[in-house]
Each structure stands twice: as structure tokens, then as C-alpha cells.
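To keep things simple, chains are lettered A, B, C and D as they appear, and every chain counts its residues starting from 1.
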Amino acid sequence: MLDKYEESKVLAGGQSLVALMKLRLASPKYVVDITRIPGLSYVKEEGGKLLIGALTTHDAVENSPLIRQKCPILSEAASRIGDQQIRNRGTIAGTLCHADPSADVPTAFLALGGEVVAVGPGGERVIRASDFFVDFFTTALNPNEVVREVRVPVLPPKTGSAYVKHARREGDFAIVAVAAIVTLDEYGLCKSASIALGSVGPTPLRAVEVEKALVGKKLTDDVIVAASELADRGISPPSDIHGSAEYRAEMAKVFTKRALRLALSRIGG
Amino acid sequence: MAEAILSKEIPVLRKWVGTPIKAKEALRLITGGGRFVDDIKIPGMLYAALLRSPYAHAKIKRIDTSKAEKLPGVVAIVTQEDVLKWCKPYPQIVPPPADKLLDYPIAVGKVRFAGEPVAAVAATDRAIAEDACELIEVEYEPLPPVLDAEEALKPDAPLVHEEVGTNLVWHEVFDYGDVDKAFAEADKVISLKLHHHRYGGAPTETHAVVADYDKGTGVLTIYCNNQMPMFCMALIGLSFNFPTDKIRIITPDIGGGFGSKILSYTYMMLISILALKAGRAVKWMEDRREYLAAGTHCNEATFYVEAAVKKDGTILGIKARTLHDVGAYLRYEPVGALLWIQVSSGPYRFKNLRMDVNAVVTNKGPVAPIRGYGRIQHLWMLERTVEQVARQLGLDPVEVKLKNYIRPEEMPYVTPSGATYDSGDYLTALKKALQMIKYEEWKKKQKELWEQGRYIGIGAALFQDSGTNNFAQVRLIYKNNPFSGQSRMAEMWMDEFGRIIVAVGSNPHGQCHETVVSQVVADVFGVTPDDVFVVPGFDSWVHGWTGHSGSYASQFAVSGIGAVLGAAKRLREKIATIAAHMLKAKPEELEFKDGKVWVKGTDRAVAFWQVANLAYRNVLELPEGVEPGLRVIYSWKAPFKLPDLEKKTVNATLTYSYQAHACVVEVDPETGKVKILDYAVVDDCGVPINPAVVEGQVHGSTMNGIAAALFEEYVYSKDGQLLSSTFMDYLFPTTLEIPDIKVDHMITPSPFTELGTKGVGEGSLVPLGAIAGAIEDALSPLGVVITDSHNPPERIYRMIREAQKRK
Amino acid sequence: MHFEGTFDIKAPRQKVWEFISVPNNVAKCLPDLQKLEVLAADHFKATVKAGVGFVKGTFNFEFRMLDMQPPTHAKLSGHGSGTGSTVDLDTAIDLSDLPDGGTRMAWKADAKVGGLIASVGQRLLEGAAQKIVGNLFACLKKQLEG
Amino acid sequence: MVEKRKIKLKVNGVEMEGEAEPRTLLVHFIRDTLGLTGTHIGCDTGHCGCCTIIMNGVSVKSCMILAYQAEGAEILTVEGLAKDGKLHPIQEAFWENHALQCGYCTPGQIMSTFFLLSRNPKPTEEEIRRGLEGNYCRCTGYVNIVKAVKAAAEKMAKGGS
């Protein structure tokens, strides 16, 4: 159907799109409201993954006991979105497809190495987080595809995660946001580290250099501090009145450090 | 306390005055029954949208509305041609040459700031009107914009108004005491350059107008949310080619103002012209982007300050050169550049002051009389200066302030500029505020915390909230300005059933005038506030008004209540005369109680309705010479004098409320973000009529100040584009940014007002002073000096980095 | 906003010059060209669609080729409006020979954006503008070599 | 111009219907078509919360929803709170605590409080502040609003509707 209506835009909650339309920044010819499609709001566990219906609201993601227990960083990111009314209406697929690099959930989603299930005329396909975000407001979805389901891994034991953001006001888009997930091995060394940065480029970005500097090491504070210093590698932050590119680059380091400390402090036995 | 300030002329029982009764107007507002301009619907009403300039400075070469006119639903379009047909330029209050400045409700020939209206469309719905705006073709010739006051004064700077020939629209030097002597005798001279940023009122309701032209009667009714429309009437009357006797202005409930809703007279005229052209009623509701872009920002000011001081911190004198960036048009300016004269030495005792004042036009939004208008900039400058005096002398800022404060026994105190501070105890107030945040404990903790790398700072400041202004002060801008003083009109009547009704010429928007008036009147007539009906809103055909009427300059408790008391006295006397006749007693033997007039100490009484019946229907039984009816008007006039144009002194305001603020902040040294850990306010506005209303005003002005200090700034790009143009970037603080605000009160009655009341409301945004001081205190180990009134994280971060480099 | 770049084209300078001095060729490289109206050899109107992702606006541009110094230097200046915004674009192109017989094109572009996009799009504007301008010149190169 | 379409929904317990264009916002539909003007508009970008209503049990900003999306919805606006002349405890608490001045943001504040207390009857101060984050107020500094929400919670615990 999206083929039939060129220049159409899917509305999955509309907490971003409607605002842009009101400002007359976006004027799609057609708006397709999918919020009424039944059965697209759920959270379930299957094969080591959490399967989240496309239309699950941020509020539901924030408060889902399953997500809080098995993938707390996603709830944490969702809880930082806008305000209660926005979280009541906005959906997980909506914010992912909107692909604003300063939004909260996309950054956590990238760090988690999640995936989306896209449906189109040609059937279904799975797109990995690392391939999903293409540019500002641009994803790997074809114009005739919609997201049916979002999948994130159940975090393994000895894993700590944290989503932190630097913003002028609580609910604002981040000046810099960091999602950090670290897993320790039985010797207490860093088995894996996944760090994503928001608001420092056209899409959320993985802080690959930082991750490399952590894996295999004992995560002393010195190691964390040293690794965080690499957070400005390979980013291209925008400038606005709340933070210049240089400031964002510095804050990327600071908040990577803070996210890592917090994540580490959260690792249970 | 009460005794001292009991009215001499009328016995005001203090039963209701001073009681925090529930606000009468709140009932309709909590049930969705409030009526705001946007709620008004008139048959056949059209909806307007404005096309605004994308350029900060450009010639308008051509406007082509033909495509827009063809759009179905479009009824009328107004551009510069229509405006020139309907309007003369607005009168200006500046001396030549700036008095030649041409200002209209819409851009004529040239746009002078991004967001200036260029065309207005009326259509059958708002969306169509907006579509039509997109179809209007405007050919611009971009001109280089000038966006900074100092740049604007350079000889080669682009001219905002060619007809004026300079961007310097007003310059005056005010010299009080012997400044040169003070500087000659100084142990030390402290010099600073300071910048006070642009922020705004940002009421939750934006500007709105419904203009309804009735062909039959020729009457033009303007529904609006202007907060002093009858003052604006002077501007409208002098520039609008429409008979003033046929203009009726109505303000229903108003969703906040904070000074920014004083300048909407340009919109009142523009939408009226649209309605006249369309021949139908037109509604215009401003959207938030328009509100933020179109000005009504506060005065942006740059200060070059020098303070002459003694080693012990005694301030001998201050010299300041100030540059006020007033934006593209004067509108209410350069009053904002003058109003420091109400608080020239702030709470301090120094007598020698030289102010070199400059008002400059730029290609930014025009400024407006925002809460604390003109005084804030000056009081903030004094506060920064005094704290730097302390720091540069190695003294405690709090000690230096207390040392230099005016003493309570010196009240009433005449300032260098001739203002008379009526009453107050600044020292006690500041100490109280400091106790409320546990100043001593924090001072002790502070040192340890610094060692742990935590930057905690304490700030304290006291600003006056000067209320009830004397318009004669504008004669110090230009001697020919034909206004002076301050006045208010109230009308009061008892209907034939004995009910009391009051109409006051004010335009309240949260000040609860219906409530406080009914409290005062209830005490005069010995009834309850529920027995007194205060006509809501404002209607120029119903409410008595003078050219000073409106709600502004913290004064209703003085001027409005002054008029109400006067009217109540007249009505009471007339009722007493008739009642005395009915009771065969002398008026002075009577007392008013429970809806009856009694002969004191007896059980003889007549009910109000019986008196009213005589007055309205049974008129042959009225005593000799008493006119039928029970309806009176009273106009109150403040006891002001004209200024001394030689000395340039004036008693610019009647009352001086004040607030002492103290706060504790923590600065995150890695990010520059400031967190408020504790905040306390001590307020003294004389005798409160309704303490709950007063406390609400204190909370609000405190939030306003916190917002300005840490969150809200109008930022322009180097091309003159407003970058903080939505609530995404103009950071209105929420419940999560504003801390709980502790408030305590002092009551020092004003000797100059009948009930000892003082105006309250502007609270003079003291947080600008207190928070700047607290940040500077927190970062004192680094020697950071706060020179800007707005301190967002990146700015603080950079100052910290630079300081660390220096070390 | 100021952008600039340099790239080499495998084509002789005269050919490059002849190509870029023709409105039709230049217009082909404008983003998502909707409509082209050539008014003179150095003067044309173009309707384009530009933006980021689905946040796109339609702009009506008027371009003029100025200061033409064949075959070394040319200026293209355009004014566009749309989406409650205005765009003023000034580009300068300098051509020089390369030893291998190719041509080096050095370009500069200054863009001023006003109105809605400038005031609400600041976070994205610079990146977006850079892409659009970059693509324009990349496209010229492609056409000349292809 | 796209032609209008009829929308049916339940507002404050009453079945209502009216016509709207595809681009009509729910808040305009409620105010202009249904004539319920207690719900206000304070910005263009979904920040201020003046237009907050309860839609299908949750608080939403009616300026961020298209009228078409409300087809068949159950909506509660500030006009629907007081029952047969008796104020809702939240309204009483706002009045008694002087939690409003100009009153323009108040309906939104009250509807957000309604949702907050429906989900969390005994909120801490922090939870209250978080719950009302999406509702701007310029007059009160939020101090008395937070007080009022606490008071409302107590009233409702004592079994006031």
C-alpha cells in the first residue's frame, strides 16, 4: 500500500512527525496511521532475545518488568525520552524509524546490537542495528517497508549497563548521550564492551576505539578513564546553541567515563 | 502592626485583609470555564496568519499576493500599502533625531529583524491562512544586519533606520554627588565589563486578538490579552485612522503577561485593519515560534563599570557606561534604559553615581517591559560589582553587602537619583535568607568539598521591587513627553437589592484582583468577600480607566486598591447618609455589619437592601439633596512630583518591596552544569492583602530569575536568525529544573500607602544576582569571574578550562 | 556556512569549461530537480527538493552565472525560497590544467539560510548543506568523466 | 483540499461526533468543533502540555495527535472532572493550595495529575515532579502545584471520588 502512495509517511505514535508537520518542516502527501493495527504492542522473551512489538510505547518499555530485568538499559533509555505524555504516546519503532541521532532509544538500541523485523511487499527481513541507521532521519528501510518487531538481546550474567545523557533539561534531546554495556568473564576481566554515542554524528555511533581499549582488561578506574579518552575518535558532532562540536567531543569522553563507571557498578554476581 | 496602618479615613476592619482566602477567579480556571481570547467565537469569524521576514535586514522590493488571493477560503490580505492607508507612524518618546523613527504594525519598505510581520492573511480557517502565506511572493534585497550594540555604534555600521541617521537613539549622562572626588579618595578602583542577556516573559498563552467590526454601529471591538491596553490606547489613538470613540477594548482572562503583553498594540491594530478590509471579524492567535521571534525580549545591556572603594569594602562611588540593545524598534523604549533611576544605588548607601546611558537599535527583535523591567539589568550590575569588590579586596561578599546596605533607621531614604525608598530592613532580610539555607554550615563544608574536587558555592542577593511608577520620569528622556504621575479609576455600586459590585480598570493575569478587591471592600462594608462581586476582566465601556490603567509595574495593591478604597469610602458615606436618615441617627453613630447598617450599641438597624430600595425606587423618601442611586466613581492619584530636569532627579516610584535570596549551587567541573541544592527567599512587600497571592508572586518571580540565570536565552546567529525559536531551544524550565523554593516573609508597612501595602510581583528576578554569585563562589578556588547574566554549561565549562590553564 | 573542495577531472580544461558554462548541465546536478527554466545563457530558474531524510522542502531557485573568465573562473550565485525559508548561495569555481591533461577544479561555496530552517534546523543544517553542495560538485565530475 | 470526514468518539462520558480534515489536530477538534475550550494551546512543538487530556486512560498532548487518530477513542478533558457540581479532589487541591495564577496551564496540569494519581496514588515529591515534567507553568514556580498534587493524593486516599 505504501507503494501506491508515494511520499507517504508512517505514523507510529507521531510524537516527532506531527511536530515537524505542524512546523511545516515535513509535509508528506499521505500519512499512514498504523497505531491502530492490533497486536503490535507486546514484550516477550524467545531464544535469548526480547521481542518487542513495534507499537509498544516508551512508557511500556520503561515499565515492562521483563525489559527492566533482562535488558534494563532499554528501559533506562526509554525513561529519558521527553516527558510522561510523550512516553505514553510515542513507540519504540517510531523513534527508531525517525532515526534522530540525538534521540535516546536509538543509541541504546545500537549498543545492544538489536535488530528490527521489517515487513514489505517482498515479505519480511531482519535488519541489524549496525546497518539500520543510515543518516539523519534516514534508515535502511525501503519506502514500502514498515517495522513489525524490535529485538534486543537478553543481557548475559556479569553484565552491567547504563544509559546516561547530558542535556540542559531532563527531557531534552541529548547534547551527548552514551549507552554502555560491559560483561566480565569469570576472572573479572572485561569479556565484551559495547558503547554507543548519541548526538555526535548523523547517526548513533559505536565507540569502537573505547571498546577495544576495555576488552580483556581488568576494568580499574584508570583503565576506564584512559579508554574514555578515546571516545572522540571517529565522531563528527554537530554544533548548536547548547553545545559546540568541540564541547560535545569533550562531553563524549566525560559521559563515556560516567556511563562505564555506572555500568560497572551495576554488575551483579 | 495593624493599628499603625489603619486607614485614618475609613475604618477598615482587618477581618479579610491579610487573610489567605482561596482565589475567587480560580474556580472557573480549574473547571475549564476560564474564557481566554482564543475561546471567543463570533459568527462569520475569519482566522488570520502572518507572513514574517526570513531576513534580519532587507529591503522589500516587491510583494506579490496574487497567488495567495486566488486560494479558496482567503478573504483578505494586508500588506504595507493597506497599513500606510490606515496608519500614521507610532509616536516616539525620544528627543530628535530618533523621534523621526518610523514604526508601523507591519514592515514598510524594509524588514529590520527576522520574524517581523510582512503580510497578514484572513481566511476561513487558520490552515488555509497559513497556506496562503506560503503563496505570497516577497522579493527582498538582503542588507548586512547589525546585531550588537557596540558594532552598531561604529561609524561604518549599517543603519537600522536611515531616517534617524544613527543607531544611537538615546544618550544621556546622569551625574549625582561628586563622583570624581569619590574616585580620587578611593583605596582601590574595581573595573568590570558585564553583559546582561536577552530572555523573555514567555507566558503560556501567546498574544491573541479578535477584531470585530460592526458595520451597523461603526464600532470596532478589539478582544485582546494586552496587559495595559488603555495606556496603549494613546499610541493606537494617535496612529490609527479610525475614530477612537468607536473603539471598544475588551480583555477576558489573560494567560500570563510578565510585561511581554504590553507591546501587542501593533497586533491589535494589524488584525483590526484585516477585519476592516475583510468586513468580518478576524481572530489571530500567535503561535509560539512567532512569539519567540517577534521580540518582547528583555533589554540586553552591556556595562562598563568602575567602583571606587575603601580597603574595608566601603563603596564610595560608581561610574557606569551602559549600552542597551533595544532591538529593531523602540516601541516602549528607551524607558528600559532609564528605569535604573528607580533603584539607582540599589540597596546600597553610596551617594556618588555617574551613569552614561546609551540606547541602541539593532536588527534583533524589539524589547519589551519584561518583569523587573530596566531595574534588573542595573541591580544585577550593582550586585556583580559589589561581589567583585569583595573578592578583589579579599573580603566576604556577604560582609561587604551588609556593610554597604542602607540601614532601617535611615528609611525613608532618598537615593542619589531622588527616589524615596519608603521602608525596609535589608540587613535582617539577607541574614534571615542566609539562615534558611544554613549559610554557616555550608561555609564550613565548602572547604572540605573543594579538596574532594566538588565545587559548592553560596550566593545571596537583595533586589528591590519598585512599584507604582511615576510616568514623569520619561521627561528625563525628553522634556516634552506629555505624561506624568500615576492614577487609577474604580467604580463601585450597590444594586437595588443591596449587592456590592466593583469595577477596576486593571487587566489581571494571575494577580487575583477579583479576590483581593473583594477582601478590601468586604472589610469596608462589614460583609464577606463572597458578598462583593468584582466585574471580571476589562471592558473599556464598563470599567472606569485612566491613561495609566492596566496591570504592570507592581502596583495594584497600592494604586488599584487606592482607587477601590476611595470609591468604597464614597459609597459608604452615601449609604450612611441615607441610613442615618432612616434610623434617625447621626452618620458617625453608625456601623456596617452583616449586610446591615447599625446604630452602634443598639439593636436598631436597616438592611442594605432597604437603603438601596430608597435610593433606587422609593426616591421621594430620600433625605434632602441626596441624589437617587448608589453608584460612585473614584480616581486615585499618586502623590508624585515632576522631575527636576536640571539635577535629573525624580521620585520615580512610590513603594519599594524587596526580596533577599540565598542559594547553594554545585558546579560540575567536568561539564559546567550548575545544580541548585537549596534556595530560600525572604520577601517584604509591606502589608499583604492576601498572603497566598503574595507568596505565589514570590515563587513565580523566583522561577523567572532561575530560568533566566541558567536556562533561557534568546540567541541569534551571526546572520541575525533567532536560534532559540521553539521550546526545544528556548529552555523553559520544568518541575525537574526548578527546586523547591523556601519562602519567609517580613512585614514593613509602607508609610506612603493607606493600608501599608506595597506593590509586589516583579520580585526583580533576584536569582540572576544570587546564582551568579553562587557560581563565582563555587569556582573561587579557580578565580573565575562571572560577567554574564546567563550561564549555560558550555560557558561555565570554558571558563573553568581557561582558569585551569592559567594555573 | 562556508564549504570548499578540490577535485581532479579526467578531461581537458576547455571541455570542462564548456560543460559547466551551460545551465542545463549544472542544473542536472541540483538535488532532486523538479523543474528547469533557462532564461538566458547565464540565467536560469530551477525548482529543487532538498532536505534530510523525509524532512524535505521544495525551493524555487534563480541562478545567475557571473564573472565568467573562460576557461578559468566562474561564479554561480543563486537565491531560493521555500518552506518558510530562504537560501542565498554563492559559489566560485577555478579551473587549472593538470600535467596529465586533466583539469583541477577548486570550488568554494557560501550559503546563507534564513527563516524556519535556519531557526529550527540548526542541529542538522550544516551537515545537510555540506552534503547537498558536495553532491553537486561530485555530480559535475561524474558527468564530465562519464 | 481534502474533504472532511466524520469522527465519532466519547468525550467526558458522552458520545460525540464532528467533522475534521486529515490535518486537523485533536486539540483543535476538541476546542473548535466540540466547543470544549478548557483544553488550551501554548506551543507548536509538544513541549508545554497545556493541551494535555486523557485519551483511552493515559495522558497525551492533544496537539500531537491528529483528530482522525481519535476515532472511537474515550477522552476525558478538564470539563469532565467535576461530577454533578462537586469538584474533583484534584481541582479542590489546586484551588486550596493556590496552585494556579493565570490559570492557562492549569487544565493541563490537572489532567497530568489525574493520570499520575490514577497510576501512582501515593507519589513521592520526586515522582510528582517527574509526572508533571511535561507541563510548563510560568506563574507558580511549580511550588504550589507540587503541594496541591500531594494534597490531592491525600484527599483521594481518604476516598474523595
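One rule holds for everything that comes next: a residue touches a chain if its C-beta (ideal position, glycine included) is under 8 Å from a C-beta of that chain, and two chains touch if they have at least 3 such contacts.
Please read all numbers here as calculations on a predicted model, not as lab measurements.
Ranked by C-beta contact pairs, the top interface belongs to chains B-D. Each chain gets a centre from its C-alpha atoms; the one nearest the centre of all protein C-alpha atoms is B. One inter-chain figure worth recording: chain A and chain C are separated by 36 Å, centre to centre, where each centre is the mean of the chain's CA atoms.
Chain A and chain D have Cα centroids separated by 30 Å. Inter-chain spacing, taken between the CA centroids of chain C and chain D, is 50 Å. For this pair, chain B with chain C, the centres built from the Cα atoms lie 50 Å apart.
Among the residues of chain B, those in touch with two or more other chains are 134, 289, 723, 726, 728-729, 734, 736. Counting partner chains per residue, chain D shows two or more touched chains at residues 23, 44-45, 130, 133-134.
Among the residues of chain A, those touching two or more other chains are numbered 23-24, 83, 170-171, 173, 240-241.
You'll find the chains touch as A-B, A-C, A-D, B-C, B-D.
Of all residues in chain A, only 9, 20, 23-26, 28, 99, 102, 135-138, 173, 202, 236, 238-241 touch chain C in the complex they form.
Listing the residues of chain C that touch chain A in their complex gives 52-57, 83-84, 116-117, 120-124, 126-128. Within the complex formed with chain B, the chain A residues making contact are 23-24, 83, 166, 168-173, 175, 240-244, 247, 250-251, 254. Chain A makes touch with chain D in their complex at residues 11, 14-15, 18-19, 21-23, 31, 33, 35-36, 59, 82-86, 88-89, 170-171.
Here chain B touches chain A in the complex through residues 130, 134, 289, 670-671, 673, 711, 713, 715, 723-724, 726, 728-729, 731, 733-734, 736-737, 792-794, 797, going by the rule given at the top.
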